[in-house]
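For reference, chains read A, B, C, D and E in written order, and residue numbers begin at 1 within each chain.
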Amino acid sequence: MIVKKNFSPFKIWQYIKSPMYFVLVWSFAVWMFFYIFNWKFLNLNFAPVGILGSALAIFVAFRNNSSYARWWEARTIWGGIVNSSRVLARLVITFTDSHSHQPNYEKQRSEDFKKELVKLSIAWVHSLRLHLRNQHDWEQLETFMDEADFQQLISVQNKPNFLQLQIGRKIYGGMANGILGGFDSFQMEGQLLALANYQGGCERIKNTPLPRQYDFFTRMFVLVFSALLPFGVMGFFTNTPNLS
Amino acid sequence: MIVKKNFSPFKIWQYIKSPMYFVLVWSFAVWMFFYIFNWKFLNLNFAPVGILGSALAIFVAFRNNSSYARWWEARTIWGGIVNSSRVLARLVITFTDSHSHQPNYEKQRSEDFKKELVKLSIAWVHSLRLHLRNQHDWEQLETFMDEADFQQLISVQNKPNFLQLQIGRKIYGGMANGILGGFDSFQMEGQLLALANYQGGCERIKNTPLPRQYDFFTRMFVLVFSALLPFGVMGFFTNTPNLS
Amino acid sequence: MIVKKNFSPFKIWQYIKSPMYFVLVWSFAVWMFFYIFNWKFLNLNFAPVGILGSALAIFVAFRNNSSYARWWEARTIWGGIVNSSRVLARLVITFTDSHSHQPNYEKQRSEDFKKELVKLSIAWVHSLRLHLRNQHDWEQLETFMDEADFQQLISVQNKPNFLQLQIGRKIYGGMANGILGGFDSFQMEGQLLALANYQGGCERIKNTPLPRQYDFFTRMFVLVFSALLPFGVMGFFTNTPNLS
Amino acid sequence: MIVKKNFSPFKIWQYIKSPMYFVLVWSFAVWMFFYIFNWKFLNLNFAPVGILGSALAIFVAFRNNSSYARWWEARTIWGGIVNSSRVLARLVITFTDSHSHQPNYEKQRSEDFKKELVKLSIAWVHSLRLHLRNQHDWEQLETFMDEADFQQLISVQNKPNFLQLQIGRKIYGGMANGILGGFDSFQMEGQLLALANYQGGCERIKNTPLPRQYDFFTRMFVLVFSALLPFGVMGFFTNTPNLS
Amino acid sequence: MIVKKNFSPFKIWQYIKSPMYFVLVWSFAVWMFFYIFNWKFLNLNFAPVGILGSALAIFVAFRNNSSYARWWEARTIWGGIVNSSRVLARLVITFTDSHSHQPNYEKQRSEDFKKELVKLSIAWVHSLRLHLRNQHDWEQLETFMDEADFQQLISVQNKPNFLQLQIGRKIYGGMANGILGGFDSFQMEGQLLALANYQGGCERIKNTPLPRQYDFFTRMFVLVFSALLPFGVMGFFTNTPNLS
C-alpha cells in the first residue's frame, strides 16, 4: 500500500503551519486596527471578496482536477509497467520452454537465457527509477547483467533505452541460435514497445509540470484573498450592531 | 443485476444516522445557547459560512466525480474480464476443432485439451477474486486443475500470474503436439495479454485509494461547516425581526 | 434519425405534469397559510434554501454529465457494431473472392459460404437485440441460418455468444476446405473480437445502472428543495413591504 | 485554416439580433409598466431569478462542454481520415515498388495499379462527403474510376462502403497476380479498417444530435430567465431609493 | 525542462500591463464622476454585475479547461514522437544486426543502412518542425540524407510525408537485398504509422484553433464586466454610509 491509512494531525500541521500563522497574525492585526485604533474606513463590503473568491474557485478547482488527472495517469503508467514486465517475463519463460522438443534444444543454455532476459528487464525498471530521479547509483544494476553489458551501460547516456536495445539484441540472438523461433520475437517486441511507451509517459509527466502561470496566479489570488477576507468579514460585524 | 432496485429507507438511516444525530444535537444546543441563555454574541453572519460552503462544494464535487470515474473504470475492467474470458474460451474451442481434419488429430486428446484450458481460465478468474480480497481459500481452485498443477499453485505467491503462465504453457504444449497449429497461439496470447492487463488494472484500483488528503480535508471541512451552519442560520432569525 | 426533430409541448407536459401539479398545489397551500391564515412564523429566510440549492446543483450536474457520458458511450458502441459488421461482411466477400484463381475454387460453394456468414452476422445483431431486451422471440432468427444451427441455438443460454462461436467455426471450416486461406481467418477474428467486446459493453451499460444512491438522494433533495422553496420566496415578499 | 481570424461585428449582430431585439423591447416594456403606469406589484425580488440563473448555468455549461467535445471528436475523426488516407497511399506506393525486383514485375501494370488505388481512395473521401451531406452529385466521382466501377457505384446505396469493398478487391487482385505479395494486403487492410471506423464515427456524429431535451429545456429556461430578469433588476432600483 | 521555474514579476507585468492600466484608469474615472461630480445616478446595484460574473465564470472555466486539454494533448503527441522515434531507431539497429549470421550479410552495407535510416528519421522530426512553423529553411535537412534524396525533397510539397515515404522505400529496399528479412518491415511499419498519426495530430492542433466565438465573447464579457464592476462596487460604499 502506497498511501498510508493513518494521517497524523501533527504532520498535517507541519504541512499547513506557515500559511496558518500568516492568516492568524494578519486577522488579529486587522481586528486590532479596527477595534483598538478604531480605523472605521477599513470597513470593506463583502461583495468584492466574494467575486475574488469565485475567480479563485475556478483556479483551485482546475488545479485540483488537473493534478489528480496527472497523478492518476502516472499511477496508470506505473501499473502498466508492472503488467508489461510480468507479461514479458511470462513470454520469455513459455516461449523458451516451448522449443524444448526441438533437436537443437540445450536445457542449460535455455535456462541461462531465461534468467538473463528476466534480469535485464528487472534492471530496466531500476534504471528507469534512477533515470527519473536523476540519481546515478548505476552500480545497483551491476548484479543484473554480465560485466561486458554493464561497462557498456555506464558509458551511454539514456540507460533505460540502452537496456531496451540490449533486451532486443538478446531476443534476436535467441532467434538466431534456436533458443526462440517462429513469431516469438514478434510478440516479445510488443511488450518492449509497451515498456518504451511507458518510459516516454514517465518522462513526459516528470519533465512537464503544470504551466507556471497556474501556480503563480493561484498563489497570488489565494494571498490576496486571505489578505482581504478579514476586512470583508469585519464589515459584517460592524454593520449588524448598527442595524439593531 | 448488481445494484438492487429497492432501497430501504431504514438501511439508509443506518448509514447516515451518526452524522444526523450529531447535527440534530448540535443544532439544538446552539438554539438553546441563543434563546434560552440569550448569548447574543454567538450571532454569526451567514457570509463566512457561505464561503466555507463554496470551498466544500469544490471538494465534494471532486470526490463525487473521481469516485464515480474510479467505480466505472473498475466496472469496465470487470466487463473486460468477462469479454476476454469468453473470447479465449471461444478461441480454444474453434482452434482445437479446426485441426480435426489433420492426420495426427485424436478426438479424446483434443476434447481433454479444450476442457483443461477452459477450466484453467475459470480458475484464473476465481484466483483473481481471492487475490484481490486477500482471501486464502485456494482449495476452491482444486477442482479446476489436476493435482500437480494445484500443488505448484499453492506454493507460489501471485496465484493469478502463475495460472496465466500455466495457460500459456498448455497452449504451447498444444502447439508442439499438434492439437493447435499455425497462428493459434499468437491469437490466444492476445487474450492472455488482455487478461493480464485487466488484472493489473484491478490491482491498481484496489491498492491505490483516493489520496488521503482529499478524504481528510473533506471530512474536516464538512465537520466545520456543520458546526458553523447553526450560528449562520441563527443570525437570520434574529436579524429579520430587528428590521421590522 | 433516432431523435425526432419535433418536440410536442403536449408530450413534454405528460412527462412533467405530476411534479408540476405537486409544485403548484404546494405553493398555493403555503401562500394560503401565509396570507389567509396569517401564520407569519412560517416566514423562512432564503439563505438555507440557497445552500440546499447549491448541494442540489452538484448532484444534478453530476447526474446530467454521467447520464450523457453513458448515453454517448452506448451510442458509440452501437456505431462500433455497425462498423465491425460492415467490415466483417466486406472481409467475407473480398477474402472468399480472392481465392477464385485457385484450383480447388468452386463458385457455388463460395457464394453459399459468403451468404451463410453474412446471414449469421445479421443473426448475431438481432440476437444481441433480443438478449439485451430480455425478449425471447428467437424464431425471428430462424431465417438467418440452417435448421441444425437453429436447433442448437435455441438450446443454449447466451445466444449471441453461440452465434459468435458458430461464425468462428464456419470461418475455420472455410480455412480447412480451401474456401479461405492464408491469413484470412486471422483478420476476420479481429472483427469477431471487436463484436464480442461491443456485446460486453452493451451488457455492462444495460446491467449496471447509475448507483441508486445518486438517484435516491437527488430525488430526496429535489423534493425537500421544492417543499422549502415557497417558504424562502415568501420571505422576500413579506420583507419588502416592511421596508418601504 | 478553417476558422477565420477576422470576426466581423456586423456578422455577429446578424447572428444575435433577434434575441437582442426581444430583450430590448421587453426590458423597455417592463420599465414602462413600472415607472409610467406605476404598477408597483410587478416588483420582484432578485432571489428567484438567481435560482433560475443557477439552473440555467448547469444547462448552459453542459451544452457548451458537450458541443465542444462533439466538435473536437469530429475534428479528430477528420484528421484521422487525412492520416489514414496518406498512410494508405504511402503503403500502395512502397509495397508495389518493393516487388520491382521480382521476375513477374511489369512496370506499366504496377504504375496503373498504384494510380487506380490512390484514385479510388480519393473517390472514397469525396463519396463520404456527399454521403454525409445527403447530396447526390455522384458524377463528381466519375473521373476517379473506370466506367464499369462507376456504373456499379451508382447502383448501390451506401457508396463509401462500396468503394471500400472495391479497394479491398483491387488489393486482393494485386495479391493474386503478383503486383503485391507477402503481408502487403494485411497491412493495407489495417488502413481500410481505420477508414471504415472513421466513416462510422462521422455517421454517428451526424445522425445523433444532442438529445432534444437539452435543447428544448435550455431554450425555455433562457426565455423564462430573460423574461424575469427585468423584474428582478427593477426591484433593486426601487428598493435602494427607499432605503436612503 | 521546458517550463522555467523562475517567474519574473517584471515579465508578468509586461504581459498584463495593458489591461491593468485600463482597469486602473477606468476605476479612477468612475470614482471621480461619483465623488467629485457627485453623479449619484451612476450608482448601480451589485446583482447584475454578479450575474454577468457567473456567465463569465462558465466561459472562463471552459476556456481554461479546453486550453489545458489541448496543450496536454499536444504534449502527449510530442512525447509520442520521442517514443516512436526511439523505438524505430532501436528496431533498425536490432533488426539489421539480427541478420549478421546470414550468408549474404555485408557488415559495411548494414552499418550504412542503419546510419541512413536513423538519419532520415531525424530529418523527419526536423522537417515536421519546419512544416508546422511554416518555415522554409530546408537546407537544415541537407546533412541528413544524400544529394539525390534532398533534391527530391525540396521539390515536393509535404516534406514530412515525403520523408516517411522515403523511409518506407529504404526499408523495403533492405528487405529486397537481404539487409532485413522476415517480419522486420512489418514491425517497422508500425512505428512509421504511429509517426504519421502523430504528424496528423500536430497538424490538427496547429490548424484548428479554439472556435473564435469562444474567444470573442469571452473577451467581450470580460470587457463589459470590468467596465461595470466599478459601478457595482461603488454602490456598496454609498449604501453603507447611508445606513449608519
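As a convention for this text, a contact is a pair of C-beta atoms (placed from the backbone, for glycine too) under 8 Å apart; a residue touches a chain by one contact, two chains touch by 3 or more.
All values derive from a computational prediction rather than experimental measurement.
Peer 1: Which chains are in contact with both chain B and chain D?
Peer 2: The common neighbours are C.
Peer 1: Counting only Cα atoms for the centres, state how far chain A is from chain D in Å.
Peer 2: 37
Peer 1: Using Cα averages as centroids, what's the distance between chain A and chain B in whole Å?
Peer 2: Computed from C-alpha means, the inter-chain centre distance equals 23 Å.
Peer 1: Do you know which chain A residues sit against two or more other chains?
Peer 2: 54, 61, 183, 243
Peer 1: With chains as vertices joined when they touch, what's the shape: line, ring, star, complete or other?
Peer 2: Ring.
Peer 1: Could you list, by residue number, the parts of chain C that touch chain B in their complex?
Peer 2: 43, 45, 47-48, 51, 54-55, 58, 61-62, 66, 161, 164-165, 168-169, 171-173, 175-176, 183, 186, 189, 192-193, 196-197, 199-201, 203-204, 207-209, 211-212, 216, 235, 239, 242-243
Peer 1: Can you check the complex and tell me which residues of chain C touch chain D?
Peer 2: Going through chain C, the ones touching chain D are 1-5, 7, 12, 46, 50, 53-54, 57, 60-61, 64-65, 68, 71, 75-76, 79-80, 82-83, 86-87, 90-91, 93-95, 97-98, 101, 183, 187, 190, 229, 232-233, 236-237, 240, 243-244.
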